[in-house]
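Take a look at the structures below.
Shared between the two complexes below is subunit A, which has subunit B as its partner in the first and subunit C in the second.
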Partner chain A sequence: MGAIPRFATVLFTIAGICVALLFMLPVIWMLTSSLRPNAEIFAHFSPLTWQSIVPETWTLSNIVGLLGTGFGRSLLNSLIVTVITTTLGLVMAIMAGFAVSVLTFPGRNVLFAFFVVGFSVPFDAVAVPLSAQVREVGLTNSFFGLALAGLGNGFAIYLLRQFFLGIPRSLAEAARLDGASWLRVLWSVYLPLAKGPIIAAGLTLFVFQWQAYLWPLLVATDPKMQVGPVALAGLVSLSGVIDFSQMFAGALFLSIVPAGLMLWLQRYFVSSVSRSGMTG
Partner chain B sequence: MAQVTLRSIEKRFGSTRVVKGVSLDIANGEFVSLVGPSGCGKSTLLRMIAGLEDISGGDLMIDGRRMNAVAAKRRNIAMVFQNYALYPHMTVAENMGFSLRIKGLPKAEIATQVRQAADVVGLGDYLDRLPRQLSGGQRQRVAMARAIVRHPAAFLFDEPLSNLDAKLRVQMRSEIKSLHQRLGTTTIYVTHDQIEAMTMADRIVVMNVGEVEQEGAPLTLYDHPESVFVAGFIGSPAMNLIEGTLSPDGFTAGPLTVPVRARATGPAILGVRPEHLILDPEGHAATVALVEPTGAETQVHLDLAGHKLTGVFRERIADAPGSTLHVRFDPDRLHLFDRETGKRIATP
Partner chain C sequence: MRDRFAIFGAKSQEWLVGLLLIVPAFLALLFLRVIPAGIAVWESLHQRSFFNPDEKMFVGLDNFVFLFTTSPTFLKSMLVTLVFVTVTVAVQTVVALMLALLFTQRGWGMSFWRTLVFLPITIPVAVSAVVWGTAMRGDGIINAALERIGIPAQPFLASSDQALWSVVIIASWIGVGYWMVFLIAGLRDIPDDVKDAAALDGAGPLRTFFSITLPLLKRPLAFVVVANTVANFLQFVPAAILTQGGPENSTRFVMYEIYTQAYVQGDVSLADAQIVLVLIVLLAIVALQFRLLRSKE
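On to the complex of A and B.
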């Protein structure tokens, strides 16, 4: 006894590390490619050797060059727009999710159906006419205009509604009898219980905005208002030749933010799962 | 404290009438219990009083003021829910202090009042616990303390003991009752358990399919049920009900004839409580089906001329199933009901 499980544990750990490394490979490739000269990237591409991912020459010139194209500004724009989308969008999704799950009013389910239908329409299909409207009201090249398309997120609403529905109604009723307004019920009872789903909804909003390409392309015509993904694509046409190492460096910057965010939020996911147990 | 008056209160869910014109006067400081079988509209009525459910018709008055359109949070009514509805992320103290915090009371004042209320229900040592760290009985107490701390106009209870085990239920029953005696707050207590209602309430309101069947003091309901429904619902073991016919000769059901003083004739139901069966060698012969001694008394299931009856006797009875026992009915304790309307037939 004991020996076999330990042996199995070792085996599973080794297998786990191998799988993890396989998944990590493209990320590592991106990382090292951004730190080697452009010419080197494809020199060792086929066949795959250890040199495919380990540079012969280490250099920061790609990153310096990238920042020279104004990429830093674009990254900052991305950050600003995404923060706007995530905060405003989360507030809206929470309110909407609360309304269609806890409040009772005529047409509640119809309203919810609208939200769901809204998010099942492919965004790309409506982006062009929508951007024309944004142009008409003069929001082109503004952060708010950039954030606008991502604010209403049907999936985030759906996610929160489902969670709110699982909270016993009597909690809201008890709070009402305790003198709480509906806003107070939401703030003091529902939100503290919904940390996990709120983070999930926030990530949905974040990712939607962070990787958005079409909408920013349509709405931000001024290069100063360009966001990261658009700037990254712009590297191709600007220099004529495709500088892959600069693109890798850009992709790296664009990945660091969401990756860091996920790592930071991970513990909240874990704690929210272990803290649940509504009736228990 | 408050006086609560219902005038022809109605509740409709869509086209379904769930509460059908209920009128009640609840005096200041009274403990009233609403009882009735599951689904008869007790919770709905209570929730309308609390303001959690819109009132479809009639008037709700609290201290003479019409409350139909007043929001729940302005009615100053506290409710204890069946599942306690404690805020899971708040400690006992925070649960109790929530209403005071909303009122904007200073922190120190809240702490004092929370401590006082916690002491009333014996929760002083648990103020920092979360609800999930408490037993069922303790959660029940927190729910009560949360109501007490507000000094509300009235307490509403909706089957507060149904999630507790039998022993705790009996204990909490007397705790709630003594709490009411100490605080004197108007209390409306909903239960489907008639024993709870009998033991706790000053007055019982028996409901049946959305209507008040009868109201009165517990023993009045027990001694003078106005309908077959109340007769069968109040009392445990339940009253024996025998279907038969009233004629000038008395009440007959097959070979069984019971002399009664009633002027009415026609299809009727004879009611007799188990403790009003008397052992008498001159009585009707009945076959013993089952004997259940509880020590203080003996409960015997009998077959009397094809009617299944239950008797409760002070005597210790050791007769085996199948043997014969002679019983008669206490003539002063018989109840007669009209078989068509279910209403009580007067016996002069």
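On to the complex of A and C.
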């Protein structure tokens, strides 16, 4: 009896590792290609050997060389824009999520539906007409203008609202009887309990804004304001001869930030999704 | 007396606080969705003079008529998008479900392996595009691997027969792990005693899956299908970076078509007419998604 489940456990573990490796292959290749000289990258594909993936010479020169170009600046731009979006977007989603779940006021369910439906329409759908307006009000080539892409996130509002709904209202009423204002109730009663969903919503906002491509293409015309993903595409298409090692180094930098955050915080994301009532 | 006053105060303040708290989200919705959509509708009914872009003429539905009858690329781009979304969503949902079943089994370090499958969603699409694009080159690592097992080199993105499927592969690598998380959550919500009862009745694993698990997973599956459709409908980056919509328009996704229409051909009114059509489709799908989310409340 005991031997069969054990065998299954081994089998499932092996399958899990194989699948994970398969999904990580492009990432591993990106990592090792960014750490080897340019001449080596395509040198070992015929025939395919272990050296196709494992460098003969390890070097940091691609990464150092890349940061000397404009790419470092683009990375910094991405970071600034993404922090603005995540902060403002989170504050906005918390305020709206709290209002439509805890407070009663006329039209709140209609407003909630508007928020989730409206913000679930991808931003890119309106990027072209909006970019003309943004140009008119002079927000082109500004960090705030760039940050607009990811600001409204229906998923973030939905996650927070679902979580706030699950907190017993008696907690809020007790605090109210003690003379706390509604803002105080939000700050001292609801927020401390909502660490998980706040992190999950923040991660969603961050990851989305970090990979924005179409919007920066439209509103960041000044090379100094270029963000990472657009700069990476420039490395590939603008220069006739592609320096693949630099391209891989750029790809690595752009991936490490969001992937690292997700590796660190993924359990909050996974548990928030499970508890949101989205799947049950 | 004081208590009554406090309760009264709470009541009268509550709606005001509620309305104040939604102001930022409301303004964002207005300026970042509603107004630009309205502008698109307005512009789509006009035509700008070629010589003087400030001069606008009301043309009614002419732009839409042009799109459906004369435009050499619009219908093609809709077809490409439709095929792409259908195949991508089907492939991703089936694979995500299989992986969700695997990663809810007992095993060592399963949550870590699961996280690695989930990681590609965090990698910017531009990165996935250039890395996969490089791997799929004629002299790239994928063809090297194919040759090793005796399959001749494939053109992938360079061929009009394979380019769209190559983008399906890239998009699926990105998305499968993300949708898997929703299905894992759905599987975890199925009570153990339901499955135990089926096992006691002598149902094998396949039978249990099709008559117990799958019906109980209807809601998360529906959510994944609908949300994934929205997520892939405006695919842009692979076309913009890797294929420029080609070869022979085989990857001319509708978002790439709109972008080209507005910034390469310079016909903003026509681009706005396409945006209006896309918005109608997306609104319908998103409303369906919202209904799915609410149906259990």
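Throughout what follows, the second predicted complex is superposed on the first by the 229 of 280 C-alpha atoms of A that agree within 3 Å, B and C clash if a C-alpha of one lies under 4 Å from a C-alpha of the other, contacts with A are read in each partner's own complex, and residues count from 1 in each chain.
Following the convention adopted for this analysis, contacts are C-beta pairs under 8 Å (C-beta built on N, C-alpha and C of every residue); 3 or more make two chains touch, one makes a residue touch a chain.
Keep in mind that this is a model prediction, so the values were computed, not measured.
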Check the contacts made with subunit A and report whether subunit B or subunit C touches more of its residues.
-> C
Considering only touches as defined above, state whether A:106 meets subunit B (first), subunit C (second), both or neither.
-> second
If you stack the two complexes on chain A, which partner ends up touching A:168: first (subunit B), second (subunit C), both, or neither?
-> first
Using the touch definition from the top, say if A:254 reaches subunit B (first), subunit C (second), both or neither.
-> second
With the two structures laid over each other on chain A, which partner does A:189 touch: subunit B (first), subunit C (second), both, or neither?
-> first
Figure out whether A:64 sits in contact with subunit B (first) or subunit C (second), or with both, or with neither.
-> neither
Considering only touches as defined above, state whether A:176 meets subunit B (first), subunit C (second), both or neither.
-> both
For subunit A, give the residues common to its interface with subunit B and its interface with subunit C.
-> 176-177, 179, 181, 277-280
List of subunit C residues in touch with subunit A within their complex = 3, 6, 10, 13-19, 21-22, 24-26, 28-29, 32-37, 39-40, 43, 99, 102-103, 105-110, 112-135, 139-141, 143-145, 147-148, 173, 176-177, 181-186, 188-189, 219-220, 223, 230-231, 233-234, 236-237, 240-241, 255, 258-259, 262, 268, 271-272, 275, 278-279, 282-283, 286-287, 289-290, 293, 296-297
Sort out for me which residues of subunit A touch subunit B in the complex.
-> 168, 170-171, 173-181, 184, 188-189, 192-193, 275, 277-280
Per the touch rule, the subunit A residues reaching subunit C in their complex are 5, 8-10, 12-13, 15-17, 19-20, 23-24, 26-27, 29-30, 42, 45-48, 52-53, 91-93, 95-96, 98-100, 103-106, 108, 111, 113-126, 128-130, 132-133, 148, 151-152, 157-158, 176-177, 179, 181-183, 207, 210-211, 213-214, 217, 228-230, 232-233, 235-237, 244, 247-248, 251, 254-255, 258-259, 261-263, 266, 269-270, 273-274, 277-280
Of all residues in subunit B, which touch subunit A in the complex?
-> 50-52, 72-73, 77-79, 81-83, 85-89, 98-99, 102-103, 132, 146, 150
